[in-house]
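Quick notes on the structure that follows.
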Amino acid sequence: MILEYFMLFLLFLMLALAIFAVETKDLLASVVAAGFVSLVASIVYLYLQAPDVAMTEAAIGAGLTTLIFIIAIRKTERYEK
Amino acid sequence: MAFFVASILLILIGLYAVLVKRNIMKIVIGLSLMDTGVNVLIISLGFIRGRTAPIVNVKDLLVNTSSKVVDPLPQALVLTAIVIGVAVTAVALSIVMLMYSKKNTLEIDEYKELKW
Amino acid sequence: MRKWLALAFLILLGFFLAKITSAFPFGVESWGVSKHYVDKGIEENRGSNLVTSIVVNYRGFDTLGEVTVLFLAATALAFLLATCRCRRRYERWEASLIVKAASETLYPLLILFGAYIFIHGHLTPGGGFQGGTVIASAVMLMLLAHFTFHPNHKALSTLEGLAGMSFVLIGFAGLIWGGSFLANNIIPLGQWNRLFSAGVIPLIYVAVGFKVGFELSGLITDMMKTIKEE
Amino acid sequence: MWSKIFYAFLTLLGGIAYGLLLGGISRKITARMQNRRGPTVWQNFIDLWKLFRKKTAVSHGVMFYLAPMFRLVGGAGTFLLVPIVIDSPYLSNFSFGGDLIVIMYFMVLGCLGMALGAAESGHPHAPIGVTRGLSQMAGYELPFVISVVVLMIADKTATVEGIVRAQQGGILHWHLFTHPFAAAAAFISLLGMMTSYPFQVVLAPQEIAVGPPTEYSSTFLSYMFSGRSVFAMAKYLLFMDLFLGGAGSLLEAFAKTFLVFLWPLFITNVFPRFRLEQSVRFFWTWPTFIGLVDLLRISLMR
Amino acid sequence: MVNPIVIIGITLASAFFIGILQAYAKVWARVIFILTLVFDLLASGIVFYGFLSGELARPISVKIGGFPPPIGINLLVGKAEAAMAVLIFSVAFLGAIHWFVKGLPQPEGKAMVLFLLLSLGATGITFTGDFFNLFVFIEITSIAAYGLVASSRTKGALEAAFKYMVVGSISSTFILLGVVFLYKATGSLNMMDIAGKLLGGISSAVLALITLLILSGLLVELEVFPINGWALDVYQGADPVVVALLAGAAVKAFYLVFLKTAGFLPLSSFFSLALIFGGSTYLAGQFFAWRQRDVRRLFGYSSVAQLGLLILAAGFFLNSALASQSRLMIGAAIVLLIFNHSFAKTSLFLLADNVKGSNVEDWAGTLRGNPLFAFSFTSSVFSIAGIPPMAGFWAKVLLIFAIPRQYSWAVALILIGALAEVVYYFHLYRVASQGEGKEAGGNLFSPFVSSLLLVVSVPMVWGIFSRKLSIPLNGQVLLLLGISLGIYLLGFSRPLQWLGSLATLGYGIYVLLPHFKPDLSGFFLALVLFGGGALLIATYPGSKKLPSTFYPAYLVVVFSMAGVVLSSTWLSLFVFWEVMTWSSFLLINMGEGKKAAWLYAIFSAAGAYAMLGGIYLLPSLRIGVGKVPGLLPAVLISLAFLVKMATAPLHIWARDAYGESAHQFTPLLSGIMSKMGVFGTALVVVYILGVSSNPVFRYFLGWLGVLTAFFMTLLAVFQDDLKKLLAYSSVAQVGYILLGVALGTPLGWSASLYHTVNHFFFKALLFVAAAGIIYRVGTSYLPQMGGLIRRMPLTFFATLLAIISLAGIPPLSGFAGKWLLYSALIEKGWIFITVVAFLASTLAFLYCFKILHSVFLGQLQEENFNVKEVPLTVALVEVLLLLPLIILGAFPRLLLDPIDKVLSSLPGLSPAPIHYGRVMGAVTKLGHWNALFLMVFFAGSFLIALVFFAITSARIRKVGQLDVGYSGEVPRSAEDLHFGYGLYEHFRKAVGWLIYPLVTKVWKGIYEGINALAEMGRRIYTGDVNTYAAYVIALSIIILYIFSGVK
């Protein structure tokens, strides 16, 4: 049962991170938050018995996407007006 | 049930960013969040309570696996969807970089020449 | 005013999505065509990881499409950034000694780990894409740590092309000998849970792994490359 | 057929003579109105003879040369198409040649010929006179057409004989009394046709020296002169047939045409000259509305 | 038989191979690229041929991965998919060739890969039989498209790519969600397997919602009305080659998928969804393009509109309530529309690529610069606007005649849209043909080839569809049209072309000889062929300056008129009518009056489309069969003919079109083409209205005719340009003819038929003389001419006779028409109309005198001193047209007897009640008129008077033109004495208020009004990404809410 509540907490965390990512003015923080959302999602996938997807989400969703975003931010601006 | 609600909310948050934010980078982030939300929704659709992952590496799973294993198809679809999501994001970011190199700003208002 | 309007639209959209998802009870079994995958999956191609057997064998065409998508994204990115006069906004500082040392030791291990993932694609969770990404992250680590590290771009794109070609050729082999494109009966399926089993699947996943690995590293070097031009 | 032509020729000569006579009388009366003696009644004949005897004549080109012929033939043709006495073998002239529509269009032939000759004369006054004449014709044609259409629809015929027959049986049957408004409109437009005084802008002696025939002299002018008088006679005859019940005998024709001749005479001597747009506006308002009254009556009656 | 999977496999392999090769050997990469495209084109061609030749009856399903469809993925390739593949690869091939000629964007290896994968994606979309696989291929196409659009060097490319990417991502998310929900609801992903199979516990309402989710995703890709802002930006911003591939091929693949999805997932409310969105997109696209300054965005609006039309057609195609035969026709219409639109749009966008500068003004003069450019541009514009003989026309006709009667508003919508399309396309055509020749860009090969395909397909399409739609086109006329197009080959020397066309016309008369029967069509056929021939002779002088397309177009006009006259069904009449209209448009466009040609195009198109609508409402297509309910069909059909006759409210195009078109063409335009309007109205009055029935409409037509006569004559009086004056007079005379036809009595009809022939004689004579005069004097401005009688006596004599006949003065032939008309009017009792008719003919004398005076009489100006007589051929034609005026003047029965035969052949009409006594001449119940007697009397008395004058007159002294009674002074120059300017100024003071250009102001007001609407309407495309995304979400909500009936 504890797992059930832990999952609820994770989902709630995911949503909070997502809202933070959208609202924050600092793009870098927003990208990192998005990365965290992916990470939490991959944990959720584990609960949903989808190991393949969890690995993919972790590797690509959290790792690669965040990297690309950061490179892009280096090329443009960090703070949203 | 909570997974559905959470994933739909995540999609809506992603869309919210696309609809409201004036910064094109934030829009791309919104799109990426939307993709994650969709993937969570698809996987939660394929989940069956009290079942294990569709990896048949133990002998007893060999016999009538359909009553012991989660639905594998959504997971296969999500695998493709994630990769496509990242591909689109990569191209989008390259476009954003190019736009920035031309106009030195990320604000949408600068990119409204083509209209009417 | 725009915020509230957007919110209203989103709530309505959410309402409809909820209405559709409410028709599917959470966690309740409702088998469709995947019942065939699950029941006969092992028997038809002996790959213990059912997801991989679906991804590569039953719905191999999707994966071919997916590989094309990735290849397309990499090419498009290279194509666009070739013309971009993107200047670096922030000056670059030397990575600290710890990062340098750690990255040198971790680099081969990560590549080995990546290879392990996509070789055992049909047995354990993970596969070509996940393994490829791990390799790419290894290359990324080296790029971050050392200025001088600069993978040979031409070699990367050639290898990537060859890997993609091999995937298509396996498909054609299936067409010529196996009766239909990407057919799996051209080499023996082997036994369940053995390394050399599940027919063509490991071969494809190895090709995909290499392709994704080189492609993503090429992609990252393209994006990072513009930094070096300063 | 030949006898008809011979008698028609005779009536034509008679018509020219009577026309000249009437012209002389009108010059006499105008002079009397301006309390001077004025030329003799036969003055027109004397002028005609004088012009006819001239030794040389000036010509400005082919069309100028042919114009008097057009004028005379046009006038004579119109005169002969109108029957004086409808059924008599002698006096019905060439009315078998065409009905009222033919007459209305034949009238224009004479004017067109004279207009072209005048235009070629090279003198600017001539075309100015012609354009004024044509514009004024557009003016007076409207009321005249209305009255003619009223008669045609009322008597269900387009021939002059038919209209005359419809008026037989006493004075009250004349169209003058059965269709008074149409007759009034027609008589007002008659003023325009005769270019008598209120609408004299076409010839306007002081302004453009008699207008179109300004360059004509000697024998050309004589043909013009006789053409003009026979044309006037044709109009009087036409009005006699349309509104005064036609003529039973030659004498009655003389009397009635004299009556029709008196009407423009009374008006011409007492009015100043309209400018052209005033005359066109006048024609397209007063006589037209008067004519429309009868037109509405006819269309409602049918 | 090629296995379709091989097409996709090979393309993919070569994409990877080019990825490798481009680093080592650029040349080899290019070779592979072209070879792949050629291979794909051939392979899909073979597959398509397999279906065409019947070798493959049912669609083939190709297993992939060795597993049967519901388990594995399959390719579902039917006839439509194969055709689409051929289309995609041919457009891609043309685009590639254009790129090679223009120079590939660097680095070229990657560009080639993207290009190849875009066409692969499009083919994949059409072939795949699995929904998720469809999603993957949509992604491939989209990403390739984002890459290619972003990489274009043009100004707005990046902005367009970003918008496309955002909107594309949202739409593909909808599709992905839809597909997964579909899997959960039906348990399968395969298209064929899904149809109607629901897992337990899932209500059909949910399936409807899921289907709508997918459809709303697809509708975004199909550029539906409110959310196609991104598409317009892409069309405007991206590189035309990319846009050609997108608009030409990719969007069509999405459309086919839209059709398949709607087919496999049946939705009750799909019909209304397709109608609403298709119709609104079609109308919005057409009208918003009016105020468009950017050419590419204009083409974008047009292609969006065409797509809207396709969606509308899809609605009808999938509507099971329709009869299967009409659904088959709609299917054919869709195929034609797609084929026509793809190649026309490809050619237009590639042409746009050649023109430097992107707004409309930059296109000035491009049509005259390069014949290849002109050919491609004209054929593409004609085929998109749906003008026969192009394929676009057949698509519209098939579509319209398949729509059942209760949806006739849809037909009205299609026609109005088509009209709006003509307005803005021909505005561009007008700008392009103005100004001096501007050399457009070099590489015209691809647009030329794609428009060549359009033209080459014409005979094939005609062959198939003219039989199917019961449009029996007269074979001989088609042959003659073909020959007259051949005359273009003699283009190098104009005299040779002149002789060639004379020979063709002679041959034409010989071939069509059996048709000269004494009935309505025989009567008009004689007028057309002999009239056309006579005028053709007069076109010789000054033809050196004419473009080489003049004579072919002239012959096409003549023979298409013959086709109109000889057609037995309304549709074949309509086809020839359109061919005549648009070939005459090309001829008018050759003159310097480009705005006139544009106005002519719009009015004729409006008339033609109203006619098509009218024909649609008729019970049967055969002329004269079936009782016609109500008045609407008659009104609509007669609209087209009234426009051609330029009757009162529809006349504003006439003055400039007649006045400014090429001098050699005006006699044909006014002499004969306006008669086609008469022929048409005659058909309407006889066969649809019925000669004796619904008198109110005919009374209204009568008023239209007489008012046209009155006002046009009045305008002619005050006109100072010779050709425009003649134009007005021609329109006025046709007004009389309309009045005669409207009467419906035998007398009225004989009057109008007589006047038709007569009008041809004297009007053509006047225009031919005018052309000769203008050719000699150099100007058509009346005040600058004068006194030409001394230099051009024959032309003066001819014009004099023509004027006398025009004015209707007795001895000559004109009077008979007038006499018959007035007798008919009085017999019928239309009193007020008679009065106005009389007044109008009196006013005619004013401009008759004006013509004779200003041109021939008065003073001969210095600059015209050495003017010679008109050239021989013009003089010959003048004499040719002169004689009938005199002969008919004396013997009107020569023409009245054949007219009586014609009248007896028409239902409800009998020969005119005239009996011909020897003495009394022509006698009717009302009056009599002896033509011969009048002629003899006039000639005789004229001769007698002349002889008498010559004998008795004094010696005649000929004087110079300055020797006038000038009150003592000596006039210095001819200039002072010539009264050329402002002849009727005083008359204008009196009646000036009558000719206030009210009608022109009304039409201009309508045009400005629609423009303002369009201006306001297109403001919704704010160009802002957030707004576009918001539109997408809002639209999907609306679709989900309305069409699924969920509360």
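Note that the chains are named A, B, C, D and E in the order they appear, and that numbering of residues resets to 1 at the start of each chain.
Throughout what follows, a contact is a pair of C-beta atoms (placed from the backbone, for glycine too) under 8 Å apart; a residue touches a chain by one contact, two chains touch by 3 or more.
Everything numeric in this text was worked out from a predicted model, so none of it was measured.
Taken together, chain C and chain E share the touching chains B. The chains that touch both chain B and chain D are E. More C-beta pairs in contact connect the chains of D-E than those of the other pair, out of A-C and D-E.
Comparing mean CA positions across the assembly, the chain most remote from chain E is A. For chain C, the chain whose average C-alpha position is most distant is D.
Averaged C-alpha coordinates give centres for chain B and chain E that are 51 Å from one another.
With each centre defined as the average position of its C-alpha atoms, the distance from chain B to chain C rounds to 15 Å. For this pair, chain A with chain E, the centres built from the Cα atoms lie 60 Å apart. Chain B has residues 3, 9, 11, 15-16, 19-22, 41, 44-45, 47, 51, 53-55, 73, 75, 77, 79-80, 83-84, 86-88, 90-91, 94-98, 100-101 in contact with two or more other chains. Counting partners per residue, chain C has 2, 6, 9-10, 13, 17, 21, 24, 31-33, 37, 49, 51, 59, 62, 65-66, 69, 72-73, 76, 80, 83, 86-87, 125, 127, 129, 223 as the residues that reach two or more other chains.
With touch defined as above, chain D holds no residue shared between interfaces to two or more other chains.
The set of touching chain pairs reads A-B, A-C, B-C, B-E, C-E, D-E, using the touch definition from the header. Interface residues of chain C, counted against chain E in their complex, comprise 2, 5-6, 9-10, 12-13, 16-17, 19-21, 23-24, 30-33, 36-37, 57-62, 64-66, 68-69, 71-73, 75-76, 78-80, 82-83, 154, 157-158, 160-162, 164-165, 168-169, 171-172, 174-175, 178-185. Of all residues in chain B, only 1, 3-5, 8-9, 11-12, 15-16, 19-20, 41, 44-45, 47-51, 53-57, 62, 64-67, 69, 71-73, 75-77, 79-80, 83-84, 86-88, 90-91, 94-95, 97-98, 100-101 touch chain C in the complex they form.
By the touch rule above, chain E contacts chain D in their complex via residues 789-790, 793, 800, 804, 807-811, 815, 818-819, 822-823, 826, 829, 831-832, 834-835, 838-839, 842-843, 845-846, 848-849, 852-853, 857-859, 919-921, 926-930, 933-934, 937-938, 941-942, 945-946, 949, 952-959, 961-966, 977-979, 983-984, 986-987, 989-991.
Of all residues in chain E, only 132, 136, 139, 142-143, 146-147, 150, 155-156, 158-163, 165-166, 169-170, 173, 176-177, 179-181, 183-184, 189, 229, 232-233, 236-237, 297, 1018-1019, 1021-1026, 1029-1030, 1033 touch chain B in the complex they form.
On the side of chain B, the complex with chain A involves touching residues 2-3, 6, 9-10, 13-14, 16-17, 21-23, 25-26, 28-30, 32-33, 36, 39-40, 43-44, 46-47, 51-55, 70, 75, 78-79, 82-83, 85-86, 89-90, 93, 96-97, 100-101, 105-107.
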